[in-house]
Amino acid sequence: MTPLLSVHGITKHYGTHIGCADVSFDLYPGEVMGIVGESGSGKSTLLNCMAGHLAPDAGAVVFDTRTDGPKDTVTMSEPERRMLGRTDWAFVHQHARDGLRMGVSAGGNVGERLMAVGERHYGDIRNRATDWLDRVEIDAGRVDDRPTTFSGGMQQRLQIARNLVTGPRLVFMDEPTGGLDVSVQARLLDLLRGLVRDMGLSAIIVTHDLAVVRLLADRLMVMKSGRVVEAGLTDQVLDDPQHAYSQLLVSSVLQV
Amino acid sequence: MTDYNFAYLDEQTKRMIRRAILKGLAIPGYQVPFASREMPMPYGWGTGGVQVSAAVLTPEDTFKVIDQGADDTTNAVSIRSFFERTAGVETTTDTSAASVIQTRHRIPEEPLKEDQILVYQVPIPEPLRFLEPRESETRKMHSLEEYGLMHVKLYEDISRHGHIATSYAYPVKVEGRYVMDPSPIPKFDNPKLGDMAAIQLFGAGREQRIYALPPYTQVVSLDFEDHPFEASKADQVCGLCGAEDSYLDEVIIDDAGGRLFCCSDTDYCLGRRNAGHQGSSLPGNEVAA
Amino acid sequence: MIELKNVSKTFTLHNQGSAIIEVTNDVSLKVSAGECVALTGASGAGKSTLMRMIYGNYLSQAGEIRIGDVDLVRAEPREVIALRREILGYVSQFLRVVPRVPTLEVVAEPLRAIGIGAEEAEERAQSLLAQLNIPQRLWSLSPTTFSGGEQQRVNIARGFAHSYPAMLLDEPTASLDATNREVVLSLIEAAKARGAAIIGIFHDEAARARVCDREIDVSRFTPKAAA
């Protein structure tokens, strides 16, 4: 089987400071991988390098494109990479306002990616937007409301709908449940799990919340000071961590 | 006339603006940055249009200025007298007699010819601006032809009003490439933008951008398959000249709410009346209220 | 079906002076299809640890753990996940689920994961829940609010939803009343009859005697006087 995403030696420096160093892994279709580590461990830098938001100093991010097979997205042309960003890739920001257009209605937010890939039939766009609002459990009657009138959890679900409407194959998530109430978090996690299973999505989730990765991720990468210190099956890394830092991380979680 | 450079601006500045104009003509619809000068009038009064006019005027030109179609409003009169004084060119209100026409918010009703230049005053040249405030991002969107956002604007219109309610500054796509703001002309004028015999130049003074449409350029108004573009106007007839096909202004004529619809293009209206056409509101023709 | 060869496991506690704890050493065992083997030994002898190693939850330092064609000690995460989805079932003592997901979906999920349609999966889930005497009015609620015994039965229903060719059972009958204990034992017998290889931990001696073909005392794998 060809990996959907194959990351080789991704390195990013900020001056003399290491953002992330020599990270490599393969992600296969349908796999969900979690990246955990404390603030400043380089997990967000890595995510942004992979998603094309940051140019890495070294390394390759090879994506198995629909038309041309595996291609390095670091060296591909910018239009091509941005096109991936609107079609096969999705990016869910921690703060919904970074990923939504707050001045545009919910329907317009969901429809934007469709229009960006050439959809020009208003009725169809609106029907698909409404369908997606329903799938993320937002009342279809709110299709014309702006996200400023939505709660935090609804905004996050709207952001997910907006990202998934073009049927991407790979979703990058940066702390998708951060800043939400626990009850809202649980609902969102359940929703994400269902969507990942039903759409056969692959996902890379950056978070510092070990409970989130236990529920969502098949695999786990533990980062510290820009480097991957341990990687493996999620429950194995969490229940039998091998590296000193992973052990510290796992033992630091408060038991409820 | 020795007090001023010809047409107010110095020769170096005019050359700089002409270079921007030529680049704009070479890449239809592309916004060319230029070093906009301070002009002896406030921004918003047509500083961009005036600089473009100054750069293209020659002593042999005949100059016309219209504001919302009219030759006799403050803005039109001031700019006309500005160039009379600084360039000493002939001025006219007759569309067919003018070689350079500076306009604010209208395209003349009479079809323009190959030896004419139409100069638009533009307040905000960036059609994507209202949805994407970052200039760095809008430039990238233009360069990569990422125009999905433009349709988001139209989508919002339909979702809110049931139809595309944008009635002026209606976005167009030029030669299948650049999306362009045609300046705040009514969408009634949009079909005239395409395939025009005259050169069309757009100047935005405050925003420091020039763009252009060379003669006979393809210009298409954006729309949806199920909500096609319509060049609408008031469903009335000109009360002065009886024209059915021209863009109309609605004028309140008394304190009792009396209204008059008349051609916004004053020269066109006068021409028709001189040719004997009459509307129902002319003295002697009033319909009893 | 399940075969362990010379498997060893140590825990290294980096944050406690790098203490090394040897847990099991040189384990070799084999369970064939249709066979049920009980792990026995005193508390702390390493029964649960060994189970978790066989499930891939704990990392083994040496040896081979073969389930079908896969060696769990060396397998990639995705191979382990595929194995757990299709081949290897595990009924633990504790239920771990996403809050708010209805019981019926929790039980049907292993079937949905192997591509069975929602309707068929739910039918199977309903029949298991009914068999294990979970009142129907609870099926649409999340099991997180259930009593310990109810949670355990939901867990068993989930574990038996898919007919895994290999199963690990950690105290499946603990704290069940006689009726439900009987249901679970019959589920185990049915699994054996269809050819599943089963490894279990049973403190309930009568249950062990009834379903298990052999016993393996894990204390013989415990390193002698190591710690």
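A, B and C label the chains in the order they appear, each numbered from 1.
As a convention for this text, a contact is a pair of C-beta atoms (placed from the backbone, for glycine too) under 8 Å apart; a residue touches a chain by one contact, two chains touch by 3 or more.
Note that the structure is a prediction, hence the values are computed from the model and not measured.
Shared contact partners of chain A and chain C, listed by label: none present. Put simply, the chain nearest the middle, going by average C-alpha positions, is A. Distances between chain centres, each the mean of the C-alpha atoms, put B farthest from chain A. Centre-to-centre, using mean CA coordinates, chain A is 32 Å away from chain C.
With centres set at the average Cα position, the gap from chain B to chain C is 77 Å. Taking each chain's centre as the average of its CA atoms, chain A and chain B sit 46 Å apart.
For chain B in complex with chain A, the touching residues are 131, 144-146, 148-149, 151-152, 155-156, 158-160, 224-227. For chain C in complex with chain A, the touching residues are 11-15, 52, 56-59, 77-78, 80-81, 96, 98-101, 112-113.
Interface of chain A with chain C (complex): residues 28, 31, 186-187, 189-190, 193, 197, 214-215, 218-219, 232-236, 239-240, 242-244, 247-248, 251. In the complex of the two chains, the chain A residues touching chain B come out as 78-79, 82, 86, 101, 103-105, 107-108, 111-117, 120-123, 125-126, 143-144.
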